[in-house]
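Below are two complexes that have chain A in common, paired first with chain B and then with chain C.
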Partner chain A sequence: MSSTTKFDFTSTHKRNFIILFVIGMMAVLTGVFTGQADAQKTWANLLVNAVFFTGLSALAVFFLAAHQIAFAGWHALVKRVPEAMTSFLWIGAICILVVTGGTIGNYNNLYHWSDTFLIKEKVTMAELEAYEKEHAHGHEMEGDHESGEHHGEEHSMLSNGTVVLASAGSEGGESGMIDNPYYDEILDGKSAYLNDAFFMTRTIIYLVLWVFIGYQLRRFSIKEEETGEKMWFQKTRTWAAVFLVVWAVSSSMMAWDWVMSLDPHWYSTLFGWYNFISLWVASLSVVILLIIYLKRNGYMPQTNENHLHDLGKYIFGFSVFWTYLWFSQFMLIWYGNIPEETAWFLERKREYNFLFGANLAVNFLVPFLVLMRRDAKRNFTVLTVVASLLIVFHWVDFYLMIIPSTVHGAAPIGYFEIGMALAFAGVFLYSTFRALSKVSLVPQHNPFIQESIEHHI
Partner chain B sequence: MFVSPIREPLIQGHKTYAQMSDDIIGPVEAKPTKTWMLAVTCTALLAITGFVMIGLTITYGIGLWGLNKTIGWAWDITNFVWWIGIGHAGTLISAILLIFRQKWRTGVNRSAEAMTIFAVMCAGLFPLIHMGRIWLAFFIFPYPNTRGPVWSNFNSPLLWDVFAISTYFTVSLLFWYVGLIPDLATVRDRAKTAFRKKIYNVFSFGWTGTAKQWQRFESLSLVLAGLSTPLVLSVHTIVSFDFATSVIPGWHTTIFPPYFVAGAIFSGFAMVLTLMLVVRKIFHLEDYITLSHIESMNKIIILTGSIVGVAYITELFTAWYSQNQYEQYAFINRSMGPYAWSYWGMMTCNVISPQLFWFRKLRRSVVFTFFMSIVINIGMWFERFVIIVTSLHRDYIVSSWSYYTPTYVEVFIYLGTIGFFMTLFLIFAKVAPVIALAEVKSILKSAGDQYIGEHAAHAHHTEDAGHGHYETLIKPQ
Partner chain C sequence: MSGKKVLFGLFDDEHVLLDAVKGVRAEGFKITEVMTPFPVHGLDEAMGLRMTKLHSAGFLFGATGTLTALGFITWISTVNYPINYGGKPYFSLPAWIPITFELTVLFAAVGMTLTYLYLNRLAPGIKHRILDERITSHMFAMSFEIDADTSDARKAEIRKALEANGAVEIHEQDLD
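Showing the complex of A and B:
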């Protein structure tokens, strides 16, 4: 094979990705220092990007595992790209741990259920006073939380704290314990699952398993390349199966924990699969963009429009499937019209109506209409445009799931939000391209490599 | 086209094209065996019993069934959903697996498609007879009528079902029949008598196999595959809407659409396995439906069974997580109430048992696979029973709580549909090739054991140092 089989990670690449990161960080810092973004908003955006970019990387592991198990011969030539994407996984995992750990350590207030005061039925007068005093400082933030739609009438009068205190105090009597006016029965009921210790334990378990298996799959692939021994293929198969089992459970649970529990009163059984497929489409789009970039720069000469046609079919098909899940979740909640369930969509419709519509329109109509034709899926320019739009709008999908539940009131996407995403993209690309340069882009000892080279559809 | 040395051959026995025609068309040409006659007699008798019971139901009304004011849907709709679900494997194999380029599908797609059509016919019976006054069944179609402003209710998922299922039936029938045309022509070309030639000539539309005909055939197949792919999802999705659009605890849950689809494919594959393992044995088709085919189907069983399992656990978890007392009670009642036996039956058959297929030995065991296919069919029937009956039997007023048991009429209608299904399948297996001959021929060069695998003619001299080790990976039996 020629020398072009290994990607050359030049100083220009490094510089560009660092510039991307720096520009992003400058926007973020400007936002923070000008007060454009308060602490809550900063943390919330960090969560959006941590979940999204970790997801892109975790789904790259899924890509490798699923194709390995399915004996998908065609993918041998492209597998280095998702392999390289897994290199970001541990960085993403740290970001997730920082954000979720931030809630647990009371540095932020993203996960409302983490406030243990809300699940105490009885409190002392002193505790209540201390709680109200503490929260009076961050009144804007807390006020938004308490007057949220899911607290109903009893809490709406809490906006005037003194009234509650007076009435609660008179009932308290000598026992010293009074009814906690902030008591949330639903959160109390969920506290066996939604509590700091168990939440962090689960988070760590998912992340450790993903990072470990992702690392193993990559390591086996490099070993196979170096030694040419066939045992690595078999080992990959075993670990790929293990990953699929782990993923079957953790993909839904991560969505419940990291995203759904932001709005702890709301629930939807489909939520986990919806998150999974949203990330899957985005991750496939990243694979496509990276391959096209490499090809345009003279790498991967054997990877051709047949392989991209297959990947194009994926984003076409899975975009339709994503729409199907979106519709199923939305329609059933709309049709059932149960207030506890519709509240989640209403909040998004009210404050984010444009993005709400754009999310559906772009993520469905663009791939559906543009990629319908065979020649569109074989045209690199068309694929680049569609894949880029899908990445942006699946990011918007996560923005819409996370921000309205954490930053109350409208929070349109501005330079701060874009800056944060660019900073993450800079790190993601740096890590991915660095990994691409480590090993030959063509896995020459993969048993399917010849099938993949001769792939023609 | 290069085929990786680690792939197993899908056609055994160094077949030539002529041998393939003999093997697959042979059973169609032979005189019906005694076993076949006996089997058809039994299944037809069962079917007739079922139709007599349907006649009774139509004459006297559905008061003959065990329904009551609390449980207005029970066996009828359970059977309807069960049959619709079974019908899914055909379209999945012919459309989705075609898109995913799974060559092994050619061994089973013909029978699976036939099965789909017969299963949908059985399914369609139940809503019709549940109407009570079947002679007014045409009311479900929206058409300008003289009944004043009485139209079918477009907001009702039951009406969506009418469109979804009739579309599904039409497309599946076309797909199946179009695929049959070249094979029916082969039967005609081999026919010994003029009469037989004439019959098969009519049914094959005078197919002669010219390049132009094949080109049109290919285009039509592609269009039909494109139409069928969304249908695999839409039909059972709309069936799930029948339940999920309501606000009944246990029914109203957003995971229902994809979970019903996965369950449908799960049960459909189980039924394909049940039928194909019998067909394989009786017609001696072991060279065409190999252990590799069975293993692939069992892998799909693990996949869909696990999806269904994750959905069950998600529902159970979310019922608790919702902290909604009605949701919680629905699931407590399912797992510990009077119908707990059906819930645990469902869990055992659908969630636990398919996990046994993680063992390669079991995946490749014909006897075990046959046994499991029956277990899964039972489990999937239980699933629908659990969803439908246990969610209804204890409604909001305790005085209306009730327990449902089927009457003999319902039992025999259900058994009758099984008889009807089997009869149709047996007749099909006698008059048409059970394996898509033209399609299997098309994969011979890339999947025949004289071309690939360890017995391949050229295997010895092209083998390089590295490839030899793979044979230990795939352990051909």
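Showing the complex of A and C:
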């Protein structure tokens, strides 16, 4: 097999990925039509997978940018794999836009803060009545339950009419304005940042920048392969530097916006890094699995256990870092014991105790204990098992961050949730493998290719 | 006076040295030591050295640190002198993790450093013989242990192998 070999994207691959997608969609549709999954649950799961798979792809851009800037010679042989993973980015971006746009357009109710009624201190009788009528059903799922800050909750214990009359009686002033019993001071305080227009603007900015830079890095790399000119390498450097700056800001902000603001009363200052590293470990695991798959099928003969050893060190090290962040977040909240903060963990401990523990156990102990030895990081079978587990359990990590905040009450992972993830995986793999087949798997004109071939650790 | 001696060849190029190590070993000679002014990739494999056990020692030191910390805090906080801090249970694992982590790192780091020094016979006051000062800057040495009883024929064989594999100089030195 020569070094210019392209990946052969056979009809078997296509068929398998389409089957994966179809099976997933069937599970999703079954869930929707049997009523197993209501609208809120469907949207919430869409958000889990949109964030997770977009993240896998965005972190592939980060992989390329970081190694490019660091002049990391060793990665030249494997860079086609993350490059191919970036091809899913625009699809993921559309999914994110659909979900977030769905909230802004009031098609779903994921982001509680997007309800502007909650931040009006005074409302008219008519507005209040209209609001209560609209929210007569499913009011339950809207309020946060633990933080104790909720006028909405006290109110919902009484019959709607009683409270309205009481407020009207005591407060009804000149202009017919009354105190809004649903007024949420915390949301009002955050409304300069958490409002529909600014939220959507930010979301669009991150996604456009990621997709654009990801596309540029891929395009330059292909140009470099076709023309053999070094100028494309220089251009890649410029855009890689731009991406790292963009990413430094947008990685944290996307986590606040898309995930943390689902619980607008709660906050954690390291949430952005936590999300970033969770996705980073998962994305590196995908890179490892794809390389091992390609190698097992006879591609990339020059990529060897030295390169996988380095990738194995990454998932070992960043899993420990992930744990550090997990623990820092948990310990401070546990120690402080402030209801506003503990609410987030209580909700997860109460309904998802097993997954909550499994998330920490698998994402920390498995890579830590299994990958500690040098031999383990150089063994393809061990890496395959660990990387697969990490992908699944970092998905679970996102499930645990998003679902309890949106679908209140227990929502165990069933066929519906798995189906949705499989459908996404099908599209992700189809797009990635298709991109792999476009250009030689070995970037022959990369200035570092020889260094990468001789890489030895 | 144990009569220990060393016969060594000097090389002026790392690639020649690497091939020479393979060549000399293929001819059946047992190399005692190879000295280089900087790390040479692939030398360990070429010399057939086994992987260092320093990592395993590090793991054991670390595990000792973990157990020491957890055991000691548990004993203090639940048996010896239980104090109620902010309504937390006496056995408050999350609060102990930072200390446990620190002690794990401390034990592993100090333990591995001492093990390393011991394995390399490094300590203040210990004098190490340098075969030739040039191996600290630009030359590479491949040495063979011999003693006063080693026959001249054997020495000649080693010299021949060294020469054939590109040694630029060959010397003999007493180790005592």
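In this text, the second predicted complex is superposed on the first by the 417 of 457 C-alpha atoms of A that agree within 3 Å, B and C clash if a C-alpha of one lies under 4 Å from a C-alpha of the other, contacts with A are read in each partner's own complex, and residues count from 1 in each chain.
By definition in this document, contacts are C-beta pairs under 8 Å (C-beta built on N, C-alpha and C of every residue); 3 or more make two chains touch, one makes a residue touch a chain.
These numbers were taken from a predicted model, which means no experiment stands behind them.
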Following superposition onto chain A, is the placement of chain B relative to chain C best described as a clash or a fit? clash
Would you sort A:I186 into first (chain B), second (chain C), both or neither based on which partner it touches? first
Between chain B (first) and chain C (second), which, if any, makes contact with A:F448: first, second, both or neither? first
Can A:I104 be said to touch chain B (first), chain C (second), both, or neither? neither
If you stack the two complexes on chain A, which partner ends up touching A:G272: first (chain B), second (chain C), both, or neither? first
Pick one for A:A248: touches chain B only (first), chain C only (second), both, or neither. first
With both complexes superposed on chain A, which partner does A:I23 reach: first (chain B), second (chain C), both or neither? neither
Determine, under the contact definition given at the top, whether A:F71 touches first (chain B), second (chain C), both, or neither. first
Which of chain B and chain C A:M372 touches, first, second, both or neither: second
Of the two partners chain B and chain C, which one touches more residues belonging to chain A? B
Between chain B and chain C, whom does A:L209 touch in the aligned arrangement: first, second, both, or neither? neither
For the superposed three-chain arrangement, which chain B stretch in 201-209, 273-281 or 309-317 runs into chain C? 201-209
Intersection of the chain A residues that touch chain B with those that touch chain C: 331, 335, 337, 456
Chain A residues within the chain B interface of the complex: 70-71, 73, 185-186, 189-190, 193, 228-231, 233-234, 245, 248-249, 252, 256, 267-273, 313, 317, 320-321, 324-325, 328-329, 331-333, 335-338, 340, 445, 447-448, 450-451, 453-454, 456
With touch defined as at the start, can you tell me which chain C residues reach chain A in the complex? 41-42, 51, 55, 59, 86-88, 94-95, 97-98
If we count contacts the way the header does, which residues on chain A are in touch with chain C in the complex? 327, 330-331, 334-335, 337, 372-374, 456
Show which residues of chain B lie in contact with chain A when the two form their complex. 1-7, 99-100, 230, 233, 237, 241, 244-247, 252-258, 306-307, 310-311, 314-315, 318, 321-324, 466-467, 469-470, 473
